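Please see the structure below; I have some questions.
By written order: A, B, C and D. Residues from 1 in each chain.
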Amino acid sequence: MASTSPTFRDLQQQAWEANQALNRAGLVVATFGNASVFSPSEGVFAIKPSGVPYTTLKAEDIVIVDVEGQVVSGSLRPSSDTPTHAVLYRNFEGIQSICHTHSTHAVAWAQALRSIPVYGTTHADHLTVPVPCTPLMSDARIDGDYEIETGNEIVHFFRENHLRAADVQMVLVGGHGPFTWGPTGQKAVYNSVILEEIARMAWLTEQINPDAAPIKEHLISKHWQRKHGKNSYYGQ
Amino acid sequence: MASTSPTFRDLQQQAWEANQALNRAGLVVATFGNASVFSPSEGVFAIKPSGVPYTTLKAEDIVIVDVEGQVVSGSLRPSSDTPTHAVLYRNFEGIQSICHTHSTHAVAWAQALRSIPVYGTTHADHLTVPVPCTPLMSDARIDGDYEIETGNEIVHFFRENHLRAADVQMVLVGGHGPFTWGPTGQKAVYNSVILEEIARMAWLTEQINPDAAPIKEHLISKHWQRKHGKNSYYGQ
Amino acid sequence: MASTSPTFRDLQQQAWEANQALNRAGLVVATFGNASVFSPSEGVFAIKPSGVPYTTLKAEDIVIVDVEGQVVSGSLRPSSDTPTHAVLYRNFEGIQSICHTHSTHAVAWAQALRSIPVYGTTHADHLTVPVPCTPLMSDARIDGDYEIETGNEIVHFFRENHLRAADVQMVLVGGHGPFTWGPTGQKAVYNSVILEEIARMAWLTEQINPDAAPIKEHLISKHWQRKHGKNSYYGQ
Amino acid sequence: MASTSPTFRDLQQQAWEANQALNRAGLVVATFGNASVFSPSEGVFAIKPSGVPYTTLKAEDIVIVDVEGQVVSGSLRPSSDTPTHAVLYRNFEGIQSICHTHSTHAVAWAQALRSIPVYGTTHADHLTVPVPCTPLMSDARIDGDYEIETGNEIVHFFRENHLRAADVQMVLVGGHGPFTWGPTGQKAVYNSVILEEIARMAWLTEQINPDAAPIKEHLISKHWQRKHGKNSYYGQ
């Protein structure tokens, strides 16, 4: 199927919109960051080309790759983080979009090698556990296929800590920065926006009270349930 | 009275404007936050529908509810925080608008479970006491009717600490975030803007001087009096 | 001379521009702050009316007052800080404009009751000494004519510390906020912008290095001389 | 060759664009900062005139000077930092543009007299070592030809620490602020943007984790190689 097929064009358009939304939200500097959108039925995803500025990016520049990260359609080289996206799509069932940014406060937590504690209901509205931060990768992984191993590190961390990608739609890669995902491009971008805000609020919380404690399970659970539980009453 | 009645349309318009002003002021992210406007004579208030983005919100989307929080007019579900607004309107005489935001610095103080000390005249121009922060709610309250209990917690805290809602037009709900109010939508939004700025200045004050002390009563009183006392000489 | 005299209209226009520039620079919130422009030959200055939003302020709203702070022309009440401006114009020779803002970082230093150390050349390009911070006013002064006493406090502090208003064109009023001045409205606004930036940089400097030390006299003097000395070589 | 020669006009245009880009990126306040563009074949560079606001700066205002910093063409006085640029062009082979800003977080590290540790991959994507910070200049250097000595200090520091200007395209001048450079005006401006972001992230990293450690050599090297090594796979 050529890049001019309706399916590919639609994926390109969605991925282009997600990338533009990342830029509008002020989450990326220069050519940093990338968003992709996945079609499970086609087994391909559309991703930003490497090193192209957001302001000049066109929908037809978006590259179509398969779940092994091999280019299926497009004349530009895909994002260097493409193999990481591919690993996540292969392992995290149900996600159809991934964003990677270098947003300032999320990166700061990743560089500090700390998970973000659940300090308030803004956090609990979105996930019931700390935003996970993976440890620095081993030298063996770094020397291996680095971007694939970055994906493996995330998947491994989620499995080991019994986290479900449907519940926890964001992660900090230690020493690097955030990845977020979701069922749509809009939701994945939204999660990047929220993560940056949660990261900023948590930093300030500790500045204002060095003894700040995570809120209790009861309150976390209540906020999560009202937005996501089976009797949720948030939204339309 | 249908939502097409002049009174309801006017309330919807005022509430729409207050919600838009919150968004323009940069105090809300995504669909967070909500503003309402109350008509004491009609016994109803107009409030943002739940989970609707500010950018697509129309005046006719605003929901009319009674002081028990029951929908009187409107096809959308009202904000999940509606019962909290209802409790405040029932208990705080004279207030005709309420705003709830997740503005960054105010939330950080709420998550730090700290009231904001009166560090300067910017604060004293608006209230003579620390911005109150309620304690984390008890498990019983959380398990009960959560949003009603949030309102009860605020009202209880004000009563116990002899605070009058006319004098102290803002509160931090511990672990959650700020609510502000006032005699008009414009004033309630103004109070949300001021609270965020006071919260930011107070954080910075402590960073610059960990031994910073609140300003003395004499100066607090002077600034309050010149803006709000019977011989006030601020404004036109 | 009526407010329609060419001189008054010119003063009003200059003061209006200075006030608008403060707002554009993001140094004021809501109706906070005020700028005035002084005509030594007429013995009057033009100042923002009290409590009027910057966005609706018109040049003809600007009030003309004499150096005792009495209204000479204009139908609105002048800024409540007018007596402070009047004291400074009477005592600081050569200044022809004054700005008062509640800009965030400058207020934070004022609330922290600390002068801002000369941590770098950005500071030294503008003044060779710490940005002075006056102590909290005595109860007697607060109970007296508060705004006049605020001016007296500044003048007294400058005299006692052998500071010349021509050399040090800014001050932090302890517990309150900054005043800046200069030979023109543009320069007074510029000084407010610079002060806010110096205040922000100095805060960050101490965060990054708690043992940060002021730069040495040699470097301070060099930077000041190249911009302001008799052999200055900065600018056109 | 007059300033109307095609070469000079082209250099002026490039330097004008670099200076405008600095301003658009929010890295300069008022008339602070300057960018220059160098033509090795002509032995001249084009630089911002001293003390001219970015908003009124025109391409024909840009001054052409030789590598000794002497004006070759142009009616305005060149930036007071011109001799520093000249020293760098004479000593750092291959660089064709230099930017100097007072960007907030980079200045704060310079004022703190600290090099910026490699806390993450955002840093390692651009340089494999800490962003160097030169010590405060000796009194003898300050009393000498100050701007030339600022250049000498940078060059000396790079030689002593075996840093190559092609690899490390940025420096913090202790107590002063950042200089960045590159093979083009666009790259030099890009480096100023990146440096400010790295400086901000590193400050936050230490705030969030006072025991934060630089990432390990393996990870630094991997990120540098994927962007700049002979088998680089970033970009098109």
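Simple rule for what comes next: contacts are C-beta pairs under 8 Å (C-beta built on N, C-alpha and C of every residue); 3 or more make two chains touch, one makes a residue touch a chain.
None of these values were measured; they are calculated from a predicted model.
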Those chains which touch subunit C and also touch subunit A: B, D
Geometric centre distance via CA averages, subunit D-subunit B, whole Å: 47
Centroid distance [mean C-alpha coordinates] between subunit D and subunit A, Å: 33
Contacts with two or more other chains, residues of subunit C listed in rising order: 207
Those chain pairs that satisfy the touch definition: A-B, A-D, B-C, C-D
Touching residues on subunit A, where the partner in the complex is subunit D: 29-32, 49-52, 76-77, 80, 102, 104-105, 107-114, 136-137, 139, 142-143, 146, 175-177, 203, 206-207
Contact footprint of subunit D on subunit C as seen in their complex: 119-122, 190, 193-194, 197, 200-202, 204-205, 207-209, 212, 215-216, 218-219, 222, 226, 233-236
